[in-house]
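Sharing a structure, written as structure tokens. Questions coming.
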Amino acid sequence: MSNDRATSTPFTKGLGFFVVLGIALLIILGIFVSPADVNQGESVRIMYAHVPGAWLAYLAFVMTAVSSAAYLWKRTRSLTWDRIAGASAEVGVLFMGISLVTGSLWGRLTWGTYWTWDARLTTTAFLFVTYIGYLAVRGLGGTHQQRARRSAVLALLAVLEIPLVHFSVELWNTLHQEASVAGRGTDVEMNGLMLFTLFLGVVVFTLMYIWLVLHRQRSLMLEDMLDDSGLDNALSERRAEATQVGH
Amino acid sequence: MSNAGQQRFTGTTVIGTARLIAAKDLRVELRSRVLLNQVLPFALIVMVMFAFALDSDAVLERVAPGLVWLAAMFSTLIMVSRSFAVETADGALDQLRSAGVPAMGIFIGKMMALMAQLVVLVTLLILTAVVLYRAELSWAGSVLLVTTGLTATCGLAAVGTLYGGLAAGAKGRETLLPLLLLPVVAPVLIGATRATESAFGTRGVSTGQGWPWLGLLAVFAVLFSVSGAVAFGPLLDD
Amino acid sequence: MSTVSHGHDPATLEPVVDLCDAVAVLGSFPALAGVTMTVQRGEIVLLSGPNGAGKTTLLRLCAGLVALERGRGRVLGVDLANDRELVRHRVGMIGHSNGLYGDLTVTENVRFWGRTVGASESEIDLAVSRMGLDGRLAHLPVSRLSAGQRRRTALAGLVARRAELWLLDEPHAGLDAAGRDELDSVLKMAATAGATVIVASHELERAGKLATRQVEVIAGQVRKVAGL
Amino acid sequence: MSNAGQQRFTGTTVIGTARLIAAKDLRVELRSRVLLNQVLPFALIVMVMFAFALDSDAVLERVAPGLVWLAAMFSTLIMVSRSFAVETADGALDQLRSAGVPAMGIFIGKMMALMAQLVVLVTLLILTAVVLYRAELSWAGSVLLVTTGLTATCGLAAVGTLYGGLAAGAKGRETLLPLLLLPVVAPVLIGATRATESAFGTRGVSTGQGWPWLGLLAVFAVLFSVSGAVAFGPLLDD
Amino acid sequence: MSTVSHGHDPATLEPVVDLCDAVAVLGSFPALAGVTMTVQRGEIVLLSGPNGAGKTTLLRLCAGLVALERGRGRVLGVDLANDRELVRHRVGMIGHSNGLYGDLTVTENVRFWGRTVGASESEIDLAVSRMGLDGRLAHLPVSRLSAGQRRRTALAGLVARRAELWLLDEPHAGLDAAGRDELDSVLKMAATAGATVIVASHELERAGKLATRQVEVIAGQVRKVAGL
């Protein structure tokens, strides 16, 4: 029984090992090996956390939406999907937070300010808060089914904000002549090692995402199971109560 | 009474329900006059207060359209919470649900009633802005303005009703609703502001530049009207 | 009220409520811990039992408002496990709260609830007078009524809905002697016309006179069943 | 039990009541975590949204302190309505009134609980602003900032509790409260903004120029604390 | 509960409630149209009468919650026309709503209401167990209780307040048989210890057994007074 309570399996242990290894490698490559950027100098190294953070947050939120849809579809309805959705959203909020923090640090170094009221930044902040709202709705209480249904609907709506964040740059610039941000988009010239490091960052963040979601999903399941295995006990307790009253 | 058996099911259709609910909401509003006596003054105060906070004429001229929509948005917030407070005060929403009244009808009805009230409000706000800031409206500008007003209002009403229903049953709904609503309506705020700016010709923006923003508003309105109508049932259900 | 025709095939004779070892969970608490019960068409059943026994939950289960966690359950031929939404518009339930709009008058409230099932104007007037609300009260806003008058309004709304299965949670509470008599006669007429009635109540003497059968709920289970 | 007779009246004193009510409110907050999970994100989004609506760096730098207090004000609004929703959900406020619990004690208790939560909120908002706008704080500036924060918070809590109680019993309270509160807190908004500006040194305002504004805030806080404590009884009583 | 000492001078023997032609207006409706009634210390009075007669309004008048529009009224020696606030903390009233905080547990709610009059911890525990709420229920949040359990919690809060005059509006509604017995014994003990109890109820058989006297309210006036 006590083994069931752990959230790790041999697979997640192995995965955890690779994650730690990957982070170490990323730090080495990102900070010591990869070159400084022509325009941005050393500060470009922030990119290796910032960009994977944002992308993985997107992935996490899409995953939340997909599992929510799977939950809502009658044939695949299962609370497992709901827990995956919840776990994924939590990890997504974490990654989005990483991206926000690293982004504003980067902004301090390159633009001279932590925050500016650019469309990308603002929509990112909206996205972040939307998922905090999603988590708040998950925490409202009620039965598991209730929680699952409410939050699934919300997740399907919230995911629509991602294109808004992604295309905000163009949407905004086409109509509004704000100074466009240097280094934004694909016009950055990257050398091979930089590109590889970025790629590594994405891989490492992906592994980290899987690892975190697996753990979180399992611990959510244990919480639910506590309630459900609680159910058998509670049922027999409640039945016993009836016999007491009967006599 | 033999024909009553046939008649009975009219009320259970989506359209019938929507009409019933909208009529009820508007009647409650007519009795309590909350829009006129409370929301409208509130919206005006919001506009004036921000104007004060900015306190420089040059800035103000530029942000006037934004103020209209800011006020509209906050008014939506309080009107939605009022609209659902009426339903939950004595458990009527529960009762509707337990009577098997089609959720889609409830959504459409409440959204229509909210939209009707919002249209009145937004019209008055825009008129105020036109008068206060001596905006000059061309024909093309007026068309854009009216279309923008209707589309944005529709979007606000749809998303407000959807999240209002979600928060209605929850405890702490007073705080949950603004949290859910604000980040989602922000695009409406931006789109409507830009479209209004170009209708007014603020900052030398031409009218033509407003139409793409209207597209954004229309997408938003359609998206939330449809998904609201579909998702309202599952949201209310527990 | 007099002619409630449900289009049932009388040959089927399936029980209106048919629960077998039904379990319902609130939060994580098994409010119903295995209920087995059948109710036939035209019966008036009294649910009794101590506070917290699960009477309200049992009524809500029959109304399709609470999920069936385990066991089997059919109401009006609808399977509760899969399509519990489908049963709702055929059931009329009144719970602890009245579901009234304070700014609307008594008649307007009753009309609203009647209209949700397409009741005609005359049916609505009938329901209002059945619960003794005609005259001065009919055009008063509900927010100006006393507790008992409000309860009467809610009951009139229920009457106007002419359901096939009536579920009433402590309907007598707050009603005066005349109101109780009116309610009882309404329920008896409904049952005679082919509806089925389940009443949860703590007023055993009163409800006992009305009911054809008493079912005692204790700790989430049905314990005693007594004919009356 | 003979000494119980003496003990009994401790709970009916103003201070005793205030402590009881404040403890109860904070316990409810601790259970529901509304401040952390809902109000705080809401406040942040309000800040971001306004900043975005203004959308020009030059303006923004100037109005950053204003944004802090704008967000604080809207948060006060929803926290007050939450605070009184807890009281009216099951008629507890009526019950308090009918139990002869001193209204002054209720006022002070609820105000204290609200203020405690607002202090947490405002602290976080100011820290955010400091980080975002690279405000450099001198010693004198910090002292001014802390004093401003406490005084303004006290004023917001006092006036919020007073009008919250007034609106609590009324129907349409969702819309009434904002209408009542907004115009009254406008001076707090302005005073706190100016004082914060001079603490931050925005627009080259010196720290010294902030203190008079602080005076205004202090007058406001004292005025509404005192009149709230005195007027709360008659307000609740109808 | 056993020793409620009120520091009254027994020599005075003023009635606890003394109304003479009292008129009370709700909105513009004269809910009480001239009530004359006296209640002596230690009595348990049952208020009966049809819905909308004015029972709730009469109780609220005695509690100092409704203004006395005309006529004279004294409660516990306090003049209702001038200082009705002064009577409130000596009166314990329970109306149609319970006044509970859903996020707090049963014990926390009772403690809160007890503390408003400085009740000690042991008195609070006693009140909780008096209403049969000890054990599992005591530490459940009130939002998870059934209707009757919630009513019991509200009554326990009232018991913890040990008032001199108890005003109860349909206190039996929602309580099960055991709860009714518990409540009745609590009320009887309070009356024996020198408190005065007025109960509005539609359950005449039940409340009739408890009360020492019945007062019938009809259309805002006291009609019949019957010793029991």
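The letters A, B, C, D and E name the chains in turn, as written, and every chain counts its residues from 1.
Heads up, the rule we're going with is that a contact is a pair of C-beta atoms (placed from the backbone, for glycine too) under 8 Å apart; a residue touches a chain by one contact, two chains touch by 3 or more.
Computed from a prediction, not measured in an experiment: that's the story for all the values here.
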Shortest chain-hopping distance from subunit B out to subunit C:
1
Using only Cα atoms to place each chain's centre, name the chain farthest from subunit E.
A
Determine which of the two chain pairs, A-D or D-E, is joined by the larger number of C-beta pairs in contact.
D-E
Quick one: report the Å distance separating subunit C from subunit E, using the average Cα coordinate of each chain.
31
Centroid spacing, where centroids are CA-atom means, of subunit A and subunit E in whole angstrom:
56
Nearest whole angstrom, what separates the Cα centre of subunit C from the Cα centre of subunit D?
46
For subunit A, jot down the residues that touch at least 2 other chains.
122, 126, 129, 132-133, 136, 141-143, 145
Quick check: what residues of subunit B touch more than one other chain, meaning two or more?
32, 171-172, 176, 179, 182-183, 186, 237
If a residue has to touch 2 or more other chains to count, which residues of subunit E qualify?
96, 102-103
Where on subunit E is subunit D touching in the complex?
2-3, 5, 7, 60, 63-65, 85, 87-93, 95-104, 108, 112-113, 115-120, 123, 141, 161-162
The answer for subunit A against subunit B in the complex is residues 72, 122, 126-127, 129-130, 132-133, 136-137, 140-143, 145-146, 149-150, 152-154, 156-157, 160-161, 164, 171, 174-176
Under the definition above, what is the set of subunit B residues touching subunit C in their complex?
1, 4-5, 7-12, 16-17, 20, 24, 27-28, 31-32, 86, 89-92, 94-101, 233, 237
Subunit C partner contacts - residues on subunit A that touch it in the complex
141-143, 145, 227, 230-231, 234-235, 238-239, 241-242, 245-246
In the complex formed with subunit D, which residues of subunit A make contact?
104, 113-117, 122, 125-126, 129, 132-133, 135-136, 139, 178
